[in-house]
Amino acid sequence: MAMRKIINHPDHVEDETVSGILKAFPNYLKRVEGSTRALVRADAPFAGKVGIATGGGSGHLPLFLGYVGEGLATGCCVGNVFSSPSSDDMLDVAKAVDGGAGVLFLYGNYSGDSMNFDMASEMADMEGIRVLTTLGADDVTSAPIAERERRRGVAGIVFPFKIAGAAAEEGRDLDAVHAIANKASFNTRSMGVALSGTTIPAAGTPGFEVAEGKMELGMGIHGEPGVQVGPLLTADEIAGQMLDRILPDLPFSSGDTAAVMVNSLGATAPEELYILFNKASEILADRGINIHKTIVGEYATSMEMAGASISVCKLDDDDMVKLLDAPSYSPLLSSQLGR
Amino acid sequence: MAMRKIINHPDHVEDETVSGILKAFPNYLKRVEGSTRALVRADAPFAGKVGIATGGGSGHLPLFLGYVGEGLATGCCVGNVFSSPSSDDMLDVAKAVDGGAGVLFLYGNYSGDSMNFDMASEMADMEGIRVLTTLGADDVTSAPIAERERRRGVAGIVFPFKIAGAAAEEGRDLDAVHAIANKASFNTRSMGVALSGTTIPAAGTPGFEVAEGKMELGMGIHGEPGVQVGPLLTADEIAGQMLDRILPDLPFSSGDTAAVMVNSLGATAPEELYILFNKASEILADRGINIHKTIVGEYATSMEMAGASISVCKLDDDDMVKLLDAPSYSPLLSSQLGR
Amino acid sequence: MTDEILGIFKAISEEVVPQAETLRDLDAKIGDGDLGITITRGMEAVMAGLDDLAGTPVSNQLGRSGMAFNRAAASTFGVLFATAMMRGGAAVKDREDVGAADVVAIGRAAVQGMMDRGKAKIGDKTLLDALAPAIDAFEEAQSSGKSLKESTDAAVAACEAGTTATIEMQSKVSRAGWLGERSIGHQDPGATAVMFMLQAAQNWVNANA
Amino acid sequence: MTDEILGIFKAISEEVVPQAETLRDLDAKIGDGDLGITITRGMEAVMAGLDDLAGTPVSNQLGRSGMAFNRAAASTFGVLFATAMMRGGAAVKDREDVGAADVVAIGRAAVQGMMDRGKAKIGDKTLLDALAPAIDAFEEAQSSGKSLKESTDAAVAACEAGTTATIEMQSKVSRAGWLGERSIGHQDPGATAVMFMLQAAQNWVNANA
């Protein structure tokens, strides 16, 4: 085994991870009966409240399971590393989180996930559960803005999680939760840079590589090719190039209020993230954009990939600000999100 | 530059990191006037309360700066990557966190740090500030138990931070805070495993390496040699070997109550930590040790080093439990510590 | 063909799983490289369920096999395979006996189901570009009175041509779509998987029909 | 020697900084490899402060230079160097004129200061094993009436022997102490740095005294 990974067997990574999380925080999560990969809050469902179900491939912690919590998602299904969970598990989660007010599916825009979630949504519908869907589709480099529905979802999904989670917690109805989740998703733009690849345990060798001293701008979190491979630039240059693509895309304009996230793809250290933020905040200030909230850390990773992403979410109004600032809790997340 | 790091210049890493943190959380930290590397809580000092000053080399975030916060340390001085801060900065922090009840120096046992802190302590004494010192010295592989005072401090310092921080917050006097910090430190034992090296930016090349497919058990967080280099074992075997050395060392016995931490040295993903914890919790249960609190994540890193450590802290009595469970907050830490 | 579909699945599995490496490599070029493992895990799950399906209606055999595939290997290919089987099965629902004459109805329903699910069109560089021409060719052969064997040969030939044609296409959807023009020049992995499956079915027809 | 100490610091810096690589390599073997950068940054900071110290008492020149070193390059070596200079300076506090006869008092105070600070003993494989024998040899040479130059030569010879002797020692303290027996066979980096410094001082004496 030529991987730098602490595991037992490549085929057991996902189940042992889930088992470890359940043992670490037994009061926080439970398995849906009869399923190993469908997990919901220990106290779910919540009568009269909208349930939020998420899910996606393993290998991205704290995504997706870590976003289950108070003021966040209500349940999650866990796929294999970098693979979609199955529609069966999604249906199980939908049923387990439905408190009678319907369910929001909130996940990243990848064809495997979305086709499975769509199938689960049809099955839930047949069981009398109303489901609406919001996709994270924040990566500006994955498709032009005119084809936004093709864009993949990356770390920026943090904002819809927080905002929709708070709206559901407040007791808003499904249409309202869906509307604000869509708004948070639409208002979020992200871009990433990768400095190394990552190895899927079951594959054993890196699915893709970035040569030392090089970087790939716009690479996806499973190694989807980016827009530009070149020599590794400085932190200030990287922050500049990212914001040069992110800001005109929405666009973010002078006078706007925004939340900013600098996210590590895994191996990149907090020190580097703060160096990036140091420049990013300067650029945003120069452009007249007011930073209401800053989030820096590991929020959406690709195992041991080296790299980082910047996400910016425009906060249109006081309601979005209030929802973003609402308390939330998950033991897999930083205190930064909690208050 | 053949490093996989997002930085501007090797000599600016530390200052730009601090600057980014201050910009990200302006209400949380402030610089001591006239110093760039001495930082304290924005609302420090606290009249009548013991101040807790920490510090150490950069490159270990969230150590050390991230442990400044409510119910945690009051101030911190920041050294260059893997280097001690200077006694001047330590003195500045001591003066800035002293609320009239004296100051506890709490940091990891490395000769550069401890000689500088000792010097700062003598200078503080001359300025009429009473200082007592508690060292983190939890790495069981660095010296035999008979020479515990020679052991280096690693991730286990989290427990004295939480426990002494809560005691200071409660208003206990310096001797009491010192006594409980010493107890928490003494009751904590750790061991690490490294799967790769790390590159000091100013050096440009890895200070040490671990070949792919190998691991080094007991390696220190700056690459200090461990007790055994060998083929990379499975997660279960690693957890077993670590606990086999940790548990007899205090010793931890059947019926004991403990807190457990599984910490990533940087590149190692949360998934792997939970796989380690999955086995560690099983072993502890088998030995009759009751886990009161579980902490899993990045708490003490070595930049992009791949590897992990396990720490176990024995909770002697209800007082220790209460202090460990007390609320605390730092934006650089996980919600796991907060409640 | 009542339990014959089970034999065809077995033949497909036996022939396609050894080609997983090829699919992996193609998917690594314009996708994420998991199609090899998807096919392996998915077909193994189908195989594992076959015994339980013996004697049940074809619609059930198809639908349950599709679901088993996706449960074991959820993915774009998996959910499309499941959808195709469920919708194909639905086209012959409640029917005791299903024969060569039903292949077109099953195939059309499968294609339509996958288009509904995946919202891709012909020419978007997907497995549809392998499957749709195969159904067309089979239908044409049947309506001009060709035998099952001849119709199958025509279908596979059209499938092979369709698969090859994906090389020059630019992907418009899903993972490969993010590559834009850089997707041109690579044969679509999903189309190739469908081609391998139809070739296996063809071998089964030649040996058994 | 009033401002002469400034000249000596300059000579030390000019001669030792180019040897930083050697110190780095030695420290990489049984420490953390930062002694090269420590010496470079520390001595540069000393140099930068020299002009401001001209004309001030020797005790101040020593103490302030030591502090400047550690502020720029805090570390085990840095804090020991600072302690040595402060304590050495204190040994001649309030003295207008300081000469060769004071070297022993300064040296003894410096050694004692470092022992107080670092709690190491002679034989623990540290810079003490280079410096202490040098002071002893200087004192003996002085008391047997040797010249400053001869006394310096004797001190440096003892220092070199002491430094070489660290090779066979097992470290008992600090970073190298964690290596236990594996520290044997490597020359102590801190002792080597002290040796380089005394050799530079010796060259200064030969050229200026």
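Order as written gives the chain letters A, B, C and D; numbering starts at 1 within each chain.
Rule of thumb we're sticking to: a contact is a pair of C-beta atoms (placed from the backbone, for glycine too) under 8 Å apart; a residue touches a chain by one contact, two chains touch by 3 or more.
On a predicted model such as this, the values are computed, not experimentally measured, just so you know.
Under the contact definition stated at the top, no chain borders both chain B and chain D. Between chain C and chain D, the centres computed from C-alpha atoms are 79 Å apart. Separation between the centroids of chain B and chain C, computed from CA atoms only, is 56 Å. Averaging Cα coordinates per chain places chain A and chain C 32 Å apart. Across the assembly, chain C contributes no residue in contact with two or more other chains. Counting only residues that touch two or more partner chains, chain B has none. Viewed as a network of touching protein chains, the structure reduces to a simple linear path. Interchain contacts (touch definition given at top) occur between A-B, A-C, B-D.
Within the complex formed with chain A, the residues of chain C that make contact are 28, 32-34, 37-38, 67, 70-71, 73-76, 78-80, 82-83, 117-118, 173-175, 177-179, 182. Against chain D, in their complex, chain B makes its touches with residues 79, 82-88, 110-112, 115-116, 118-119, 142-143, 150, 152, 200, 202-203, 207, 220, 222-225. Only residues 1-9, 13, 16-21, 23-25, 58-59, 61-62, 66, 193, 195-196, 212-213, 232, 234-236, 238, 266-278, 281, 294, 296-298, 301, 303-304, 306, 308, 329-339 of chain B touch chain A when the two sit together in their complex.
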